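In this document, chain identifiers A, B, C, D, E and F correspond to the written order of the chains, with residue numbering beginning at 1 in each.
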Amino acid sequence: MDEKLLEEESLKAEILIEALPYIRYFSGKYVVVKYGGSAMLDSDLQKNVIRDVALLKLIGMKPIIVHGGGKEISKWVKLSGKEPEFYNGLRVTDKETMEIAEMVLFKVNQELVAMMAQQGIKAVGLSGKDAEMMKVEKKEVPGKDLGYVGKVKEVNTDLLEALIEDDFVPVISPIGLGEEYAGYNINADDTACAIASALNAEKLVFLTDIEGVFIDPEDKSTLISEMDLTQAHEFVDKGVVGGGMLPKLKNCIEAIENGVARVHILDGRLDHCLLLEFLTQKGIGTAILKDPIF
Amino acid sequence: MDEKLLEEESLKAEILIEALPYIRYFSGKYVVVKYGGSAMLDSDLQKNVIRDVALLKLIGMKPIIVHGGGKEISKWVKLSGKEPEFYNGLRVTDKETMEIAEMVLFKVNQELVAMMAQQGIKAVGLSGKDAEMMKVEKKEVPGKDLGYVGKVKEVNTDLLEALIEDDFVPVISPIGLGEEYAGYNINADDTACAIASALNAEKLVFLTDIEGVFIDPEDKSTLISEMDLTQAHEFVDKGVVGGGMLPKLKNCIEAIENGVARVHILDGRLDHCLLLEFLTQKGIGTAILKDPIF
Amino acid sequence: MDEKLLEEESLKAEILIEALPYIRYFSGKYVVVKYGGSAMLDSDLQKNVIRDVALLKLIGMKPIIVHGGGKEISKWVKLSGKEPEFYNGLRVTDKETMEIAEMVLFKVNQELVAMMAQQGIKAVGLSGKDAEMMKVEKKEVPGKDLGYVGKVKEVNTDLLEALIEDDFVPVISPIGLGEEYAGYNINADDTACAIASALNAEKLVFLTDIEGVFIDPEDKSTLISEMDLTQAHEFVDKGVVGGGMLPKLKNCIEAIENGVARVHILDGRLDHCLLLEFLTQKGIGTAILKDPIF
Amino acid sequence: MDEKLLEEESLKAEILIEALPYIRYFSGKYVVVKYGGSAMLDSDLQKNVIRDVALLKLIGMKPIIVHGGGKEISKWVKLSGKEPEFYNGLRVTDKETMEIAEMVLFKVNQELVAMMAQQGIKAVGLSGKDAEMMKVEKKEVPGKDLGYVGKVKEVNTDLLEALIEDDFVPVISPIGLGEEYAGYNINADDTACAIASALNAEKLVFLTDIEGVFIDPEDKSTLISEMDLTQAHEFVDKGVVGGGMLPKLKNCIEAIENGVARVHILDGRLDHCLLLEFLTQKGIGTAILKDPIF
Amino acid sequence: MDEKLLEEESLKAEILIEALPYIRYFSGKYVVVKYGGSAMLDSDLQKNVIRDVALLKLIGMKPIIVHGGGKEISKWVKLSGKEPEFYNGLRVTDKETMEIAEMVLFKVNQELVAMMAQQGIKAVGLSGKDAEMMKVEKKEVPGKDLGYVGKVKEVNTDLLEALIEDDFVPVISPIGLGEEYAGYNINADDTACAIASALNAEKLVFLTDIEGVFIDPEDKSTLISEMDLTQAHEFVDKGVVGGGMLPKLKNCIEAIENGVARVHILDGRLDHCLLLEFLTQKGIGTAILKDPIF
Amino acid sequence: MDEKLLEEESLKAEILIEALPYIRYFSGKYVVVKYGGSAMLDSDLQKNVIRDVALLKLIGMKPIIVHGGGKEISKWVKLSGKEPEFYNGLRVTDKETMEIAEMVLFKVNQELVAMMAQQGIKAVGLSGKDAEMMKVEKKEVPGKDLGYVGKVKEVNTDLLEALIEDDFVPVISPIGLGEEYAGYNINADDTACAIASALNAEKLVFLTDIEGVFIDPEDKSTLISEMDLTQAHEFVDKGVVGGGMLPKLKNCIEAIENGVARVHILDGRLDHCLLLEFLTQKGIGTAILKDPIF
C-alpha cells in the first residue's frame, strides 16, 4: 500500500476511534432533537440532519425528533383568507388558525417521516393528541386572549417508550390536548423541553439558526462553549445573553433542572452538526451541562 | 322491588346475556372498521360510532379504524385556488392536491383520535408512511395520468401489532408511501381491505350511507342479509347488485379471499350500528362470510 | 327498519353503553363471590348466578367463587346415623362429621365446576387444603369443644394467582388445614372475607337470601343502599341492624379494613343480581364502601 | 474417625452416588403414579409412598398422582341404604351411587393432599371435571346399562401443565366429565394410563398389591423383571400371565404405545418401593419398556 | 424377596430419605467450595470430590469451585531457573513468577473442568480477569515488596450469575485484575471467601488437609463440631485455636459477617466428605454458623 | 468557524457517514476474528487490534476472538528441557508438551482478556474444554504419531451464545477435548473456521502477516481483492496461490461452505485493519465471498 493511501486510512481509523467513547457513552440513551427554523427550509440541510439522526439511531441511541412549522403556517393561514396575527411574538390562534396549524404541522411531520424511511429508519409521526401524550392548559397572557395556545401540563411517555422499545423513531408535532379535548398549539422548544424532561433524556439538542450563545451576538469571539447550571442562571439573571437567546436559554435551564443531563444549542445550518457534536471531541455550539464544569 | 322495576332489570340482564357469546367469540380478535361518508359528517353519529369502537376495545377486541376524508379535501383544494378534477370517479391528484389531501386527512385523523381520548381510549393516528406501513404503486388508468393516486402493494403490520399489543388503537389515514418516498392517495375502502387482509382480521366493517346490499336499491325488501363467497361472486358476475355497491362488494370478496373471516356493510347513520352488529343476535346490514351458509 | 325495531335496537344499545364504564373499571380486578343459601338450592337460580359469573370473567374480571353447603351436610350426617348438633349456631364437628362435611362440600364444589364448564369457563375446584392455601386454628368458644371448626389464620394466594393468571376460575370450599394437617370446617362467609382480603379484591359479594341490610327487617323501605365504613361501624355498635345481618356486616367491615374496596350484600334469589349489580348504574342490595360517600 | 463410622459413611456415600445417574436422567420429566389398593389402606405404607413422591419432586421430577377409592365407596353406598352392585367386575353406578363415589373419592383425594402438605409439597386435588380436564363417553357393555361409568375420550393437559410449571403436584380423582356435564366414574388404572399418555410421561407406575407379573403366580421365581413391547404383546396374546394381571398389562401396552417410555408394576406394600425403583440400580417389580431390551 | 435383600433395600431407602430435608433446603442455593491442598494431589480423592460437586449440582444446588495450586507453582518456577521466595508464608511474586503462577493455575483449572465434563457437568474455567470479575489492590506488608500479590477489592458477580443461570458450573482460579490491568496472585481461601460473600452464598466449604478445628491439634477429641460467630471470635481472640487454623478461621468469620450463612472446614482427604456434609444428619469437620446455636 | 476547521469537520462527518451502511449491516451479527502471528507480538499492534474489536462490539456486532500462541510454546518447551519437534509443520505433542501448550495458550488468552478490559469490554477467556465446547478426535498422519494433536469433531455453541447474549466477548484458546477427556492441541485457523461455521458467522477474519492472497507473492500487484467460491476452488486446484496461503485458503473455502458469508485474509500488521475492513468502502486484503461476484 502506498504512502498516501496509508495516511488516508490512518486518518479514517483515527476519526472512527475518536468516536468510540461517545458511541459507548450514548448507547441506549434518549436524545431529543428539536428541529426547526432555517435548517428545515433547505432540503440539502434537511437531508443531512435526517441522515445524522439515522446514524445516531443505528449506533444505538434512542432519538426523538420534535419539529416546528412556523413559516408555513402563516402561508396557509393567508391562503385561507385570513391575516396572521401575533401578540408579543405568540401567534393568536383562533379555531380556524388552529385547524390550519395542525394540518401544516402534519405535512411537515410526514415529510420528515418519509425522509427517515429513505434512511432505512422506521419513523412514526405523532402529535401530543396521540394516546393523550401531551396534555396542555391554555396559555394566559395579560391583556389578550391568545386562543388555542397551550403550555404543557403533563407528558405521558407510555406511547413513546413502547415505540422506542420496538425500534421505531418518534417524530413529534408540537400539538397538545387541552380542555374539551381540543388541539392546542405549543411552542416547539417548550415541547422538546417537556418531552426530554419526561424521558430524563441524556441530551436535548436545539437545532437553530445561530452558532450558539454569544455574550455579544455581534462578536463571534464571545461564543460560550459550555456553561453549567449556575452560570446559565447568571447569564439569564444579568440579561447578558443577546440575540433572542433568552427564552431558549430558559428552556435549557428548565430541561436540566428536570433531569436532562446535557442541552445543546447548535447551528442547524452547519453540515452534520449533530454527528460532529455527538461523536467528536470538540463539541460545537453551546452546551449547558447538569454537572459543574471543572 | 316492584313489578315494573323487576321487568326492566330482567330486560337489561337479558340483553347483556345475549351479548355474552359474541363477547366471548370476538375477544382478542382484530376488527377493522372503515369509517367514512355521511356517518362522519354528523357529529352526533360520529360520537356514537366512536363510543361503539371504544366499547369493542374495552370488552377485549382489537379494533383498527381506517377513515376517509372525501368532501373536505375538495373544499380545501378550492380554498387554495384550484378546481378539483375527477376522472372516472377518481380524484386527479397533482402534487399540490396531494399535499392538501394529506393535510386534510390528518385533520380528520386527529379529530378521531381526540374523540377516542374522550372515551378513555388511547388512540394513535397513523398514515401508511409511518414506519413504511403501506407501500403503494401508482394507479394506472388508460388514457389519463391520475398523478399521486396509488394502490396498495405491501402492508407491513409490525407497527400496528406493536401498538395493539400495548393496548393502543390505531387510526389510519389512507395514504401510502410510493416511488421516491412520495405520499400517494389511496381509496379508503381499499386501504381497509388491505389492512384487514394483512392482519387476517376476524371482521372488516364498512360503515356506509346505505342500509346494505339490495338486489333492487329501490325496494328495501330486497336487502341481502347474508351471503357466502360463492353467492357474492354470483352477484358481482351477474351485475345484479345496484346502487354503486359493486366496487364495495368486490372489496368484500377480496378481503374474504385474503383471510378475513367476515365482512359487513352497515349503515353508519343508524345509531350504534357497530354495537348492535357485534353484540346482538340479529345482525344488521349485509354480511359476507368466508364459510358457506347452512 | 320500522319504528318499533329501531326503538328496541336503541334500547339495547343504551343498556350496553350503560355497562361500558363498569366494564372498563372492573377489568382485570379480583371479585370474590360468596355463594350460598337458598340461591344455591334452586337450579334455575344457580344457572343464572353461574352464567353471570361466566359473563364477568369473559369481560375481563377475575372472579373467585366461595361456596357453602349447609343444609346438605346435615342430611348426610343423618344418613350416616348421627344427629347433627349445633351450639350457638355453630356445627359441633367431630371427626366423622368433618369427614362428611368435606365430602358434601366437594360434591357441591364439583357441581359448580361442571356448571361453569357448561358456560365455557375453565373452573377449578379447590379447598383450603390444596397447596396449603388456607391455614386455620381451632375456633374456641367458652364452655364447649366445637371439634373441627376453625378460623382462618393465614391465606397463601400463590395457587389462586397462578390459576387466575392462566385464566382458570377458582371455586373454593370452606375447608382449612389445621393442626396436624387435619381438615377444619370454616364459616363460608369468613372464608370469602379472608380470601378477598388476601387478594386485595376490588369487590366481595355475599349472595344471600335477603334483599340487603334493613334498619327494620319488617319494613322494606328501610333498606340501606350504601354505607361507608364509619356508618357500618355505627350500625354494628348501635345494634340497629336486624335479621341476623350482624355477623355478615361485621364480615363486611373486616374485609374493607383489610383492603377490599367494595363489599355487597345481594339477594341471590333475584335473577341476574350479579350482572345488574356490576354492570348497571342503579346497584341493588346493600353496598359497604371503603371510601366515604359524598 | 473410627473404623466403623468410616465404613458406615462410606456406605452412605455409595448409595447416594448410585442414585446420581437416575436423578440426572429423570430430572424434569413427568412421572405418573397410580396409587390404589391395599397400599392405600395401611397408614404407614401410605406415609411412605407419599414421602417417596415428595422426594421425587424435590430432586426435580414432575410427579402426578392418580388414586382410586374402591373399597370405601362400597362402604358409603351401604351407609346410604343401597346394596353395591357389580357386573363383570364393573360397578353399576346409578345417579346416587355416582354422587357417593365422587364424595368418597374426594375424601381420599384430600387426605393425600394433606399428607403431601406434611411433606412440604404443595399438592392440588383435582378431578377430571376441573377445567374439563378429562372428557369421557359412557362405557357400553353388552347386555347391561352400567350407568355413570365412563371411558376417557380426551385429556386436556393445560391445567396440569400450568400447575406443574408453578411447582404444584396434581393429585387426581378418576372422575370424568361426560354427556350433559355429568360426572362419570372411570377406572383408576385407565385414568392413569390416559394422563400419562397425554403428557408423554417418562414413567407410569402402578402401585399394586402384588410383586409384579408372574408367569405362574404361585411360583415367585417366575417373576418377569423386564419386557419390551413385543414380549408384552406375546404374554397377552398367549394368555400366559396370571393373577388378574391381564387388564393391567393391557394398560401398560396402551401407555407405551401412546408415548410413555416406561411402565412399572410395583408392590405398593413394599417399603419405599418408589424410591428404590427410581433411584437404585436393581429395579423392583416388573418393567415394560418402549425400546427393545438388549 | 428374601430377608437380607429386604434389609439392604430398607437401609438404602433410609439413607435416601435422610437426605430429603437437606436436598430440599439447599435447592437453588449458592455453595462455594474452596478446593486445595492434598485433596487435590491424589487423583482418586480428586475424582470423589468432583463427583460430589456434580451430585450437588444435579440435585439443584448452584456450586462454584475455587481452587488453589500451591505446590505446582514452585515446581515450575524452579523449572524456569528461579528459586521460589517466601516472606511470612506469602510468595514473593515478581513478573516472571506471576506469569508462571497464572499458567500453572490454569493448568489446574482446566484439569478440573475436564473432570467435571466426565461427570456430565458443563464447567467453565474462569479467572478474576474474565469480565473483570475480581479487582484487587496490591497487598502491602511492612518491610517487603511482595510484588504481584493482591487482595480482593471488589467482586462483580454478573458473569457468575449469567453462567449459573444457564446451568454452567464456574471453576475459578485465584487471580485478580490489579493496577494497570496486570494479573495478581490472590490467596485461594481469600478468593473463595470474597466470592461467597459477594453471592451471599448459603455455604462456603474449605476442603483442607485436617479434620477440622481442634482446641489442641494433638488431641483429636478436642474437635469443635460447631460454633457460632461469638464463639469463633472468642477462639480467635484467645488464640486458642492451633495448627495454622487461625487465618482460615478469620476467613470463616469474615465470610459469615459478609452474608454467608454457613462455613465449613472439612477434611478433603475423607471420601465423599462433601456429600456426607451436605446430605446427612451428622455433619463432619467444623461448622461456623451465622445464627447462634441453641 | 474558519475555513480549515470547516473542511476538517466535513471530512470527519464524511468518514462517519461512509461507515453508516456497514454499521447497519453488521449490527447483531457474529464475526469471528482469528488473531495470531506477528500481529500478536508487537504490543502496539496488539493494542490497535483489541481496540478495533472493542469498537466492533460497541457498535453492535458480536465478535469472538480465536487466538494462537505458536512461538511462545516452543520457548517454554525448551525451558522445560525438551527439544520442540515438528513433523510436516505440525508440532509433535507428547503429554508434557501438551501441558506446556495449554499453559502458554492460557497466558496469551488472559493477556487478551486483560487488554479487552482496558477497552471497557467484558471478555471471557475460554478453551474448547469449557462446557465441552469443542470435541476433537486425534489427527492421524501417515507414518507418525503426532500425540495430542486433534481436529475438531463437534462444536457446541451453547456457552458462546449464552455469554454473547449477556454481552460478554469470548476469547478462545485452540484446545479441544479429546478421548478420555484429555486436552488436544488444534490448529488455530481450523479452530476459528469451526467456530465460525458452527455459529453461521457473518464474517471470519484471519489476521495474518501478509497483505492478502497473491498470485505471485513476489509481485504485490497480483493481490486478489475478492473471489467467490468457484474462483477460490480454482486457485486451490491449480495451485496458483503461493506463499503458504494454500491451507488458509482451504480453510476459507471450508468456512464458506459451512455457512459463513464472508471470509477475509488481512494483514494484521496494518494499523486498524479490522476497522477499515469493516467500516470503509474500500476493503483491504483478500475477501472470499459466499455469493458470486457480479
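Rule of thumb we're sticking to: a residue touches a chain if its C-beta (ideal position, glycine included) is under 8 Å from a C-beta of that chain, and two chains touch if they have at least 3 such contacts.
If you're wondering where the values come from, they're calculated on a predicted model, not measured in any experiment.
Asker: To reach subunit E from subunit C by way of touching chains, what is the minimum number of steps?
Answerer: 2
Asker: With centres defined as the mean C-alpha position, give me the subunit A-subunit D separation in Å.
Answerer: Once rounded, the distance between the two centres reads 70 Å.
Asker: Taking each chain's centre as the mean position of its Cα atoms, how many Å separate subunit A from subunit F?
Answerer: Taking the mean C-alpha position of each chain, the two centres sit 44 Å apart.
Asker: Nearest whole angstrom, what separates the Cα centre of subunit D from the Cα centre of subunit F?
Answerer: Whole-Å distance between the two chain centres: 58.
Asker: Please work out the Cα centroid separation of subunit E and subunit F, and write it as a whole number of Å.
Answerer: 36
Asker: Touching two or more other chains, which residues of subunit A qualify?
Answerer: none
Asker: With chains as vertices joined when they touch, what's the shape: line, ring, star, complete or other?
Answerer: Basically the chains close up into a ring.
Asker: Going round the ring from subunit B toward subunit C, what is the chain order?
Answerer: In ring order from subunit B, with subunit C immediately after, the list is B, C, D, E, F, A.
Asker: In the complex of these two chains, what residues of subunit E are touching subunit F?
Answerer: 79-81, 99, 102-104, 106-107, 110, 113-115, 117-118, 122-127, 129-132, 158-159, 162-163, 166, 168, 175, 177, 181-183
Asker: Okay, in this complex, where on subunit B does subunit C touch?
Answerer: So the residues of subunit B touching subunit C come out as 1, 9-13, 15-17, 19-20, 23-24, 27, 51, 54-55, 58-60, 120, 211, 270-272, 275-276, 279-280, 284.
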